[in-house]
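Shared between the two complexes below is subunit A, which has subunit B as its partner in the first and subunit C in the second.
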Partner chain A sequence: MSIGLIIRLVVLALLVAFIVTPESFAFVFQPLTRNGQPAIYTQNSLLNLTLSHLTIVAIATIAATLVAVGLAILVTRPFGAEFLPLSRSIANIGQTFPPVAVLALAVPVLGFGTAPTLVALFLYGLLPIFENALTGLTTLPPTVTEAARGVGMTDRQRLLDVELPLATPVILAGIRLSVVISVATATIGSTVAASTLGEVIIAGLLSNNLAFVAQGGLVVGVMAVLIYDALSALERILMARTGQRREIS
Partner chain B sequence: MIEIEALTKDYLDLTVVDHVSMTVEDGELAVIVGTSGSGKTTLLRMINRLIEPTSGTVKIDGQDTRSEPAFELRRRIGYAIQGHGLFPHRTVGQNIATVPELLGWDKQKTAQRVDELLNLFQLDPAEFRDRLPSELSGGQQQRVGVARALAAEPKLLLMDEPYGALDPIIRSKAQSDLLAIQKRFGTTIVLVTHDMEEAIHLGTRIAVMDKGKLLQYAPPHEIIANPATPFVAELIGTGERPFRLLSLWKVRDLVEPGPAQGEPISADASLRDAYAECLWSGREMLPVIDESGALIGRIRRDDIAHKAERPQ
Partner chain C sequence: MSAVVAVPRRLQFAIDKLGVLIAAIATVASFLPFAAFRANRIVLGESKSIFAALPAWEATLLVLALFAAIAIALFRTPTLWRLWTSLVVLAILFIAVGHAASFLTPEGDRIARVSPGAGFWLLIFAFALLAADAIARLKLRPWTRIGALVGVAIFFAVLLGSGTLNDLSILREYFNRGDTFWREAQTHLALALGSLAAATVAGIPIGILCHRSDALRAPVLNVLNAIQTVPSIALFGLLIAPLAWVAANIPSASALGISGIGAAPAMVALFAYSLLPVVANTVVGLDNVPPAANDAAKGMGMTDRQRLLTVEFPLAFPVILTGIRIVLVQNIGLATIAALIGGGGFGVFVFQGVGQTAMDLVLLGAVPTVALAFAAAVVLDSIVEMVSPKDMRRD
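Right, the complex of A and B next:
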C-alpha cells in the first residue's frame, strides 16, 4: 500500500467519522466560537445534509452526463453535424450564467426547494462534459475508425463497440470537472431552501459563528478533493484498460 | 473474381482514380504498385466501398457490389488497413474475433479460429491471446492485423501496404507466410505496395498506377520484359531488370542431372540467389538439394545467365 493511498484512506475515515458523530469533534471547533456559541451545528443532522447534498449533485451530474454525451454523439454523426455550432453555444450559455442568476430565475418558475438547485447544477455541468465528449469522439485514431468500417460494423456497432469505449476516459475527465464544480456550487442551493451543506455555512454567517462556517466548508472541500482524486484514479485505470496508455507499474 | 470497370474517383476537380479497369481472377494475387499519391489506396478502398466511386462499377463474382448493404459486403472481404488499425481497447484475441462475431459464429468455433490464426502467424495463443495491442511490437501488431482480416475465411483479401513497417527479415518472413496462406486457402488477394521488389516477389499480376491511371496490368515477367511506358520501366529500374527476371524463377526450374562441387543450394531458392552464390563462390555450377536435403542434381551459371536475357 502506498503512502498516498494511506493518506487518502485516513482522510476519508476522518470525514466519515465527523459526518456521523460531529459532536465528538467539538473540541476542534471550540476555539472558533465566541460568547458560548455552540461549536457544532445541530439544527439538522450533518449526515442527512451530506447525503442530500451528494444526492442533488449526483442527480444533476447524471442528467448532465446523459444530455451532454447524447448531444455530443448526435452532433458527431454525419446527419447531426449542422447542429454542432448550435449545441456548442447552448452549452456555453449554460456556463456563462452565474449559478446565482440561474437560481434567481428558476425560483419564480419552480418555487423554493431542491428543483432550482438541480436545474442550476445541471446547466452548469453540461459544458465540461459536452466539450470532453466532443474531444473524445472526434480525436480517435483515424486508422481505428477506418478499421471499424472496414470489418463491416454498422454505424451503431461502431459507436457502441469502438468510439464510446475509447472516448470514455476523456468523457470521464469532463464528468470529474463537472462533479467538483457541482459539489462546491450546491452549497448556494441552501439560499433557496435546498437541503445541502450550504445550510451549515449560511447558519454560521447569519449567527456570526465561525465554527459553523468552517465545518460546512471543510466537509464540502474535503469531499470535492476526494471525489476528484477517486475519479482521476478511475480514469487512469480506464486509460490502461482501453490500451491507450501503458499501465504504470 | 473481381471485375473493375472504368472505376473513377473525383475529389472536386481532382481525379484521383481515372477510369481504371482490371480483372482479378480467383486465386490470383494482384499487386497494385505506384508512387505515393498515385491513387492505390483509393482504388483498393473502392472495392469494399469504404470510398464510394464517382463512376464505374466493381463486380465480385459477377455481382455488383452496390447490390447489398456496404457493411455486409465488408464482412465478406478481409481488409488489412495501412498501419494495422487494431482496436486498442480489445485484446489480440478479441481483435481477431471481430468479424466472426459480427457474422454470429458460435463462441467455440470463433475461439478455435483465433488460436489457429495465432499459431499460423507464430504467436503463441496462450501468451498473446489476452494481450492488448499496445503490448505488442510493431511487427506483431501487423501480423495480428492480417490475422483479423483473415479471421472469417474471406474468399477475398484486400491489403494496404501490410508490410510497410517491418524490418527486412520479418518482412520476408511475413511475405512467405502470405504466399503459404494464399496457397492453403485459395484466397484471392489484392495488395497495395510502393515497393517493386515486393510486387514482383508476391504478385501473379502487377498493376502499375501513376497519377490515377492504370498504366499496365500484366504478369511480372511481362512487366519486366515489356514495360508499357517509360514510367513503368523507371519503376522497375533498368539496371535491375535482369536480376528481377531471375528472381521470378526457382532453381528447381533449371536443375539438370550431374555432379557439382561445394556447398549445395536449395531447389526452392530463386535463380537470383543461385546466381549470386555462383558469383560469390566463383563456381561454374552448384549442387542442388530438395527440401529433404537429398541431392537432386546441379545448376549451371551459364544457364542462369541465359535466363536473365531479355525475353524475345
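Right, the complex of A and C next:
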C-alpha cells in the first residue's frame, strides 16, 4: 500500500467517524466556541444531512449524465449535425452563469426546499458533461473509426462498442467536474431550505458560532476532495484499460 | 437554365431543424403569460397574456413580428438574416415588456409590481438560441464580437436611460436602493478583480518555478487542485477562524480592515481559488514552447532571464491568458457567495431576495452578475484569439 492511499483511508475513516459520532470530537471544536455555545451542531443529525447531501448530488449527476451524453450522441450523428455549432456555444455560454444564480432563479419557479436545488444542480451539471462528451465523441482517432467501419460494423455497433468506450474517460472527467460543482452548489442549497450540510455552516454564520462553521466546512471540504480523488483514480484506471494517454483538463 | 433555378428554389423551402425547435418553443411561449401583475411586492401574481398585457395595436404588432421571425427561423434562410431577425425580435421583446409594465400599472401606483412572465423568458430563450446559432455559424472575428457586445451594451444603456423599463419590478427594486446597488457593484468588482490581480502576480512566478522544478510541480498542483475542490462557502467559513485570530492578535491587522467576517476571508478564498488556473496554465504554456525556439535562443547566447522574458513568456502568453479568463469568469460568479459571510457584492441582493421570497430582488443581484460574467468571457475569449498565433486558433 502506498503512503498516499493510507493517508486517504485514514482521512476517510476520520470523516466517517465524525459524521456518525460527532459528539466524541467535541473537544476539537470547543476552543472555537464563545460564551458556552454548543460545540457540535445537534438540531439535525450530521449523518442524515450528509446522506441527504450525497443523495441530492447523486440524483442530479445521474440525471445530468444520462441527458448530457444522450444529447451529445444525438448532435454527433448525421441527423443532429445541424445542432452541433449551437450546442457547443450553449455549453460554453452556459458555464459563464454562476451556479448560485441558477439556484436562486429556480426558487421562484419551484418554491423552497430540495426541488430547486435538485433542478439547479441538474441544469448546471449538464454543461461540463455535455462539453466533455462532445470533445470525447468528436476527437476520436480517425484510424479507429475507419477501422470499425472497415470491418463492417453498423452505426449502432460503432457507437456502442467503439466510440462510447473510447470517449468514456473524457466523459468521466466531465462528470467529475460536474460532481465537484454539485457538492458545492448543494451546500449553498441550504439557503433555500434544502437539507444539506450547508445548514451547519449557515447556522454557524447566523449564530456567530465558529465551531459550527468549521465542522460544516471541514465535512463538506474533505468529502469533496475525497470524491474528486476517487473519480480521478477511476479515470486513470479506465484510461489505462482503453490504452489511451490523453491529457485531461 | 431551368435546373439551375430549380435548385435554389427547393433549398429556399427546406425546413431548418433548429428552426422547428425554435418555432415550437416560441409558439408555446406566445400562449404563456407574457407578464405577471401583483398588487404589491409579496402577493401572488395574476398572469397576463400578450393581448392582456399590451394595448391592442401593440400586441397585434408584436404577434405579427413573432410570426415573421418564426417563419424566418423555420425555413433555411441566410445566416445573416437569421442573426438580424433574432436581434430585432429580442429588442422588440424588451421594449414590449417595458410597455406592458407601464400599461398594467395603474396611474401613480408605486406599490404594484409587474414582472416579466414565463412566456417572455421563453421567447427570449428561443430567439437567443437563434442568435447564438447564427453567431456560431458566422465565426465572427474577435473585434466584431467585442463590437457586437458594445452594441448590445449601448442598446441596454439607451433602453434603461429612456425610462422605457422603469415600471418593471426589477427597476422598482433598483430605485428603492440605488446607492446600495452601486456600492455593492463596486465591492463585487473589487473582490473579483482584486483577487485576480493578486493571483496573477503570485501565480505566474509559481508557475515558472513549477515548470523548471519537477520536484515542486506535482505537490504544488495537487494542493491547488484540492483547494479548488473545496466548496466556496466551506472555504469562506474555514477562513473566518484564522482571520479572526489574526485580527485579534496582530495589532495592525484590524487597522488594515482585516477581520474574521467580511471582505477579508472572501478575498483570501477567491485568491486561493484563482491560483490553480493561473499556475496550471503557466506550466502548460511554458511546457508547450517548442524546443527548437528554446535551442535557438540558447544558441544565440541568451541568458536564462532573457530567454524567459523574450522567448518563453511571449510564446506561453495565450495559454496563460486563457487561465486568467477562467479565473475572471469563475470569480465574478463566486463573489456572489461572499455576501453570506458579510463580504458584500451582488450576492447581498440574491440572498436578501431569497430570504424575502422576492424574485425581483434576486434578479437585481443575479442579472448584473450573469451580464458581467458573460461580458468578461466574450472580451477575454476575443483577446485570447487575437494574441494566439494563427495555427493555434480554434477552428
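The definition used in the following text is that the second predicted complex is superposed on the first by the 239 of 249 C-alpha atoms of A that agree within 3 Å, B and C clash if a C-alpha of one lies under 4 Å from a C-alpha of the other, contacts with A are read in each partner's own complex, and residues count from 1 in each chain.
Following the convention adopted for this analysis, contacts are C-beta pairs under 8 Å (C-beta built on N, C-alpha and C of every residue); 3 or more make two chains touch, one makes a residue touch a chain.
Values in this document were obtained by computation on a predicted structure and should not be read as measured data.
Aligning the two structures on subunit A places subunit B and subunit C side by side, free of any clash.
Contact with subunit B, but none with subunit C, is seen for A:242 once the two complexes are overlaid on the shared chain.
When the two structures are aligned on the shared chain, A:143 is found in touch with subunit B, with no touch to subunit C.
Of the two partner chains placed around the shared chain by superposition, subunit C is the only one that A:187 touches, whereas subunit B remains out of contact. Shared-chain residue A:152: touches subunit B; no touch with subunit C.
The superposition places the C-alpha centres of subunit B and subunit C at an angle of 100 degrees about the C-alpha centre of subunit A, rounded in steps of 10. In the superposition on chain A, contact is made by A:165 with subunit B only, not with subunit C.
With both structures placed on the common chain, the touch criterion links A:225 to subunit C but leaves subunit B unconnected. Once chain A of one complex is fitted onto chain A of the other, the partner contacts of A:128 are absent, as it touches neither subunit B nor subunit C.
The minimum CA-CA separation between subunit B and subunit C in the overlaid arrangement is 17 Å, rounded to the whole angstrom. Those residues of subunit C that touch subunit A in the shared complex are 16-18, 129, 132-133, 135-137, 225-226, 229-235, 237-238, 240-241, 244, 260-261, 329, 332-334, 336-337, 340-341, 347, 350-351, 353-354, 357, 359, 362-363, 365-366, 369-370, 373-374, 376-377. Looking at the complex, you find that subunit A touches subunit C at residues 32, 80, 82-83, 85-86, 88-90, 92-93, 95-101, 104-105, 107-108, 112, 180, 183-185, 187-188, 191-192, 198, 201-202, 204-205, 210, 213-214, 216-218, 220-221, 224-225, 228.
Taken together, the subunit B residues at the contact with subunit A in this complex read 48, 50, 71-76, 79, 81-90, 98-99, 102, 132-135, 148. Here subunit A touches subunit B in the complex through residues 141, 143-144, 146-154, 157, 162, 165-166, 241-246, going by the rule given at the top.
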